[in-house]
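Per-chain residue numbering starts at 1, and chain names A, B and C are given in the order in which the chains are listed.
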Amino acid sequence: MTALLEATDVRKSYGDTLALDGVSLRVDAGEFVSIIGPNGAGKTTLVNVLTGLTPPSSGRVRFKGTDVAGVGPARLARLGMARSFQLVTIFPALSVADTLAVAALSRLRRSTRPFAALSRDADVRAAVDEVAALFGLHDKLERAACTLPQGDKKLLDVASAFALRPDVILMDEPTSGVSTADKTTIMQTLVHAAQRMGVRAIVQVEHDMDIVFGYSDRIVALHQGRVLADATPDAIRADADVVRAVLGIATTQGRTQPGRA
Amino acid sequence: MSAVRWALALGWPTPLFLPVLLAAGLALAAVGPVIERLLRPIYDRDESFQLLLTFALVLMFEDVIRFVWGTAPHQLGNVYLAYGQVRVGALTVPTYNLIVIACSAGIAAGMGWFLARTRFGRIVRATAENREMAAAMGVDMTRVYARVFTLGVALGTVGGALVIPATAAVNEMGIELIVEAFAVVVIGGLGSMRGAFAGALVVGVVKAVAIATWPEVEMLAIYVIVIAVLVLRPAGLFARATA
Amino acid sequence: MIVRALGLIAGAALVLLPLAGVPYTTTLLLPAFGYAVALLGLNLLFGSTGLLSFGHALFIALGGYTAAALTGRFGVRSLELVLLAAALVAALVAVPIGLLCVRYVKIYFGMLTLAFGMLFYSFLYKFYALTGGDEGMRVLRPMLLGRPLEHLDTVAYLTGPFYYYALGVLVVAALVMRRLVGSPFGLSLRSIRENAAKAESLGIGVRRCRLAAFVVAAVFGAIGGVLLVVPTGLADPLLAYWTHSGNLVFMLLLGGFDHFLGPVLGALVFILLQDSVMSLTSYWRFVFGAILAVIVIFFPRGLMGLLDARRAAAS
C-alpha cells in the first residue's frame, strides 16, 4: 500500500548546519503519529520540509505517491495536506467566519473568483458553519480573530486547517501555550473533528508527553537531525536511548487511553 | 535617512565664506530635535507611514523656506571661484570642488571614528542591532533617537550648505535631492555608512558619465540601478546582517 | 446608517451640480473623478492587499499619455476606444513591473514602485522626440459615445456631457470594485494582507493574487489618468513624479482605506480642500503637509474611519 506521506532519506542543511541528517518517515492512512525530540532536534525543520515550505537539500518527499519536495505550501494544500503552526497564526482583522471561509473557498477551488458575491455562496456558508460547530466557535463567527482569547485563537488556527478537509494534517505543537486543563479538550476536539471531516492521518509535533502517549499510534523520536526511534508508545517507553535523549531522567508513567484517533 | 532628505533643502546659508557656511549648516541642525519629536509617535508603525510623514514634512518645509526666503532662487556666484582654480593633469578644477571633496572625506572619516571609537557611537550601533536589548541594558532610547536624528539633520544641512556655492538654492531643491538621496541609500544599503558613501559615489559617477555620453539617460540610469539593486541585493551593496 | 445617508446626499449633489450653474466648481470636480477612479484601484492594492505603492502615478501618466498619443498623434477620437486602449496598455506594462514588485513587501515594495514611477518620469521628461519632454503632449477633445459635440465650447463640453460621462465611468468603476472586494478574490487578498504565510498554507497562490491586484490597480489608474487629462488637454511628465504618487497616497489616507469608497471621498475632499486652501494662502503646501502629518499620526483610518467608528474598532 502506498504510504499517504513518505519522506525518504531527507537531508537539510542551512549553510554549515545540518538540521536533518537522513530522516526517513512514513505515515499511512488511519495513523496518528507524534514527532518528539529535544529542541534543536530538527522537528520544525522536518515539518517545514514535509509541508513544502522548505525544499530538502537531498532526499525525497512523497505525498499520495506524488513527489512534492519543495513544491510550496499552497500547492500542497490543494493536494490535500494542511498544517497548523507552532505560534498562533491567524488573520487578525478577519472574522472567524471569514477565516474559515478562506479555507472553504480553497477547498471548493473558488478562491480567485473575482465577480461572485461571497455573501451569497451557500456552500461556503454551510462549510463554515459545520467547521465552526465542530470546534465550538459557532457563537463567535462574526468576531474579529484578534479579539478572541488565546485558546480560541489556537482553535481557529487549527480549525482553518481542518476546514480544508485535508487527507493529512500536520500540527506543530497544537497544545502549546494552552493551559493543562484545556489541552485535553483541544485534543478531544481535534480527534473528533478529524473523524467527522474525513482526515485520514494526523501528524503532530508535541512536547507534552502525556498528550503524546495518550493519543499516538506511533511515535517518531528525533535527535540531532536523525530518527532515534520510530515505534509504538510502549516500545518507545521501553527504549532506553530515547528515554535518555528525549524524555529526560524522569520518565512518564503509562496512562490509560482516554481516546484514540 | 529621512532626516537627510528634507534637511538638504534647509541648507540655505546666508554667509559668504566657507567656515561660516559650515557653521550656518550646523546651526540649522537645531530643527532636528523638533522634527524628531514629531516623528516619534509613528516609529512603531509600518515604514510606509514614516515615508508619508517625511513627505508631509517636506511639503511643510518647502513653504517655510518660501516664507522666510521668498520664491526666487538664490545664488552665491562669486564665492565659488573665490579660492581660485587648480590644474590637475589636463583638467582645470575649481579649488572649491576639491575643498568639498576634502570636507566630505573628513566628515565621513569623522563619522566612522565616531561610531567606532566613542561611547555614544557604540551605543548607536548597539541600538541599531537590537533595540530591545539596548533598552534592557539601560540605554535611554528617546535620547539616543533624538541625538542620532539631529546628527542626521546636521549632516544634511551641512551637505546642503556645501553644495550651494556650486548651484543655486532653489525651493524645489529638497524634493529633487530626496530622490537622489533615496537612490544613494538604496544602492548603498540602509544602515551602512560605507554604503552611503559608496552609494553617493555611484550616483555621482553615473550622473557624470551619463551627462557626458547620453544625456537623456541621466536620470533613467540612476533608477535602473536602483531597481537592479532592489532586485538583486535588496539590502543594498553594503548590507548589514540585520536589515 | 449615517454613512448611507451622507453618501446619498453627496451622490445627489454630484449629479445635480452642473445644473447649479457654477462652472468653476463643476470643472473643479472633474480631476476628482479621475483621481477617484485611480484611487479605487490603489485601494485594492493597499486597503485590501496591504501593498502601498508609491509609484501609482506611473499608471495615471500612462493613461494620460495614451490618450494624448491616440487623440493627438493617431487621430483616434472616440473616448471609449481611448479608455480601452489605456486599460490594455496599463495591463501590459503592469504585468512585468508587477511580477518584479510583488515579490517584495512593505517598504521594499514601496521603494520599488517609487523607483519605477520615477523611471517613467525621467523617460517622459528626457525623450523629447517621443514624449514632448517637459512640454508634454496635447490631448484633443474626444468624442463621447460617438458624438463629436463640436458645437459646444470647452466649458459647455466639460460641464455638461463630459462631466456626466466621467461621473458615469466613476460609478461603473465603483460598482466593479465593489464586486471585486466582496468576492472570493477580495477575501483572498485580505487574507494575504493579514498573514501571507497562513494564506499560502491554506492553498492561496499569494504571488499570483498580488499580481492580479497590481494589474487591476494599474488599469483603474490608467482609466483615471485618461479622465484627468481630457479637461486640461495636456499630458505632462509631472503626472508620473513621485510627489504625484505621494498626493495619491495622501488622498487615500484622507478618505480612509478601510472602506472601498474611502478613496472616492478622499479624492473629492482633497480637490475641494486644495482649491479652498490655495485661494486662501500661497502657503498651501504647508497646510497640506500639516494635514497629512496629522492624518498619519492621529487619524490613519481617514475620514471613513471617523464616520464608521465601529468598523475601526473591530480592526
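As a convention for this text, a contact is a pair of C-beta atoms (placed from the backbone, for glycine too) under 8 Å apart; a residue touches a chain by one contact, two chains touch by 3 or more.
Quick caveat, the model's predicted, so the values are computed rather than measured.
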Label of the chain whose CA centroid is most distant from the centroid of subunit B: A
Per-chain CA centroid nearest to the all-protein CA mean: C
Length of the line joining the C-alpha centres of subunit B and subunit C, rounded to whole Å: 32
Centroid distance [mean C-alpha coordinates] between subunit C and subunit A, Å: 44
Distance from the mean Cα position of subunit B to that of subunit A, given in whole angstrom: 51
Of all residues in subunit A, those that touch subunit C in their complex: 51, 72-74, 77-78, 82-83, 85, 89-94, 98-99, 101-103, 105-107, 110-119, 121, 144, 147, 157, 160-161, 164
In the complex with subunit C, residue positions of subunit B that touch it: 38, 41-42, 45-49, 51-53, 55-64, 66-67, 175, 179, 182-183, 186, 215-220, 223-224, 226-227, 230-231, 234
Subunit C residues touching subunit A - in the complex, by the definition given at the top: 179-180, 182-188, 190-191, 194-195, 197-206, 208-209, 212, 314-315
Of subunit C, residues touching subunit B in the complex: 52, 54, 100, 104, 106-108, 110-112, 114-116, 118-119, 121-123, 125-127, 242-243, 246, 249-250, 253, 282-286, 288-293, 296-297, 300
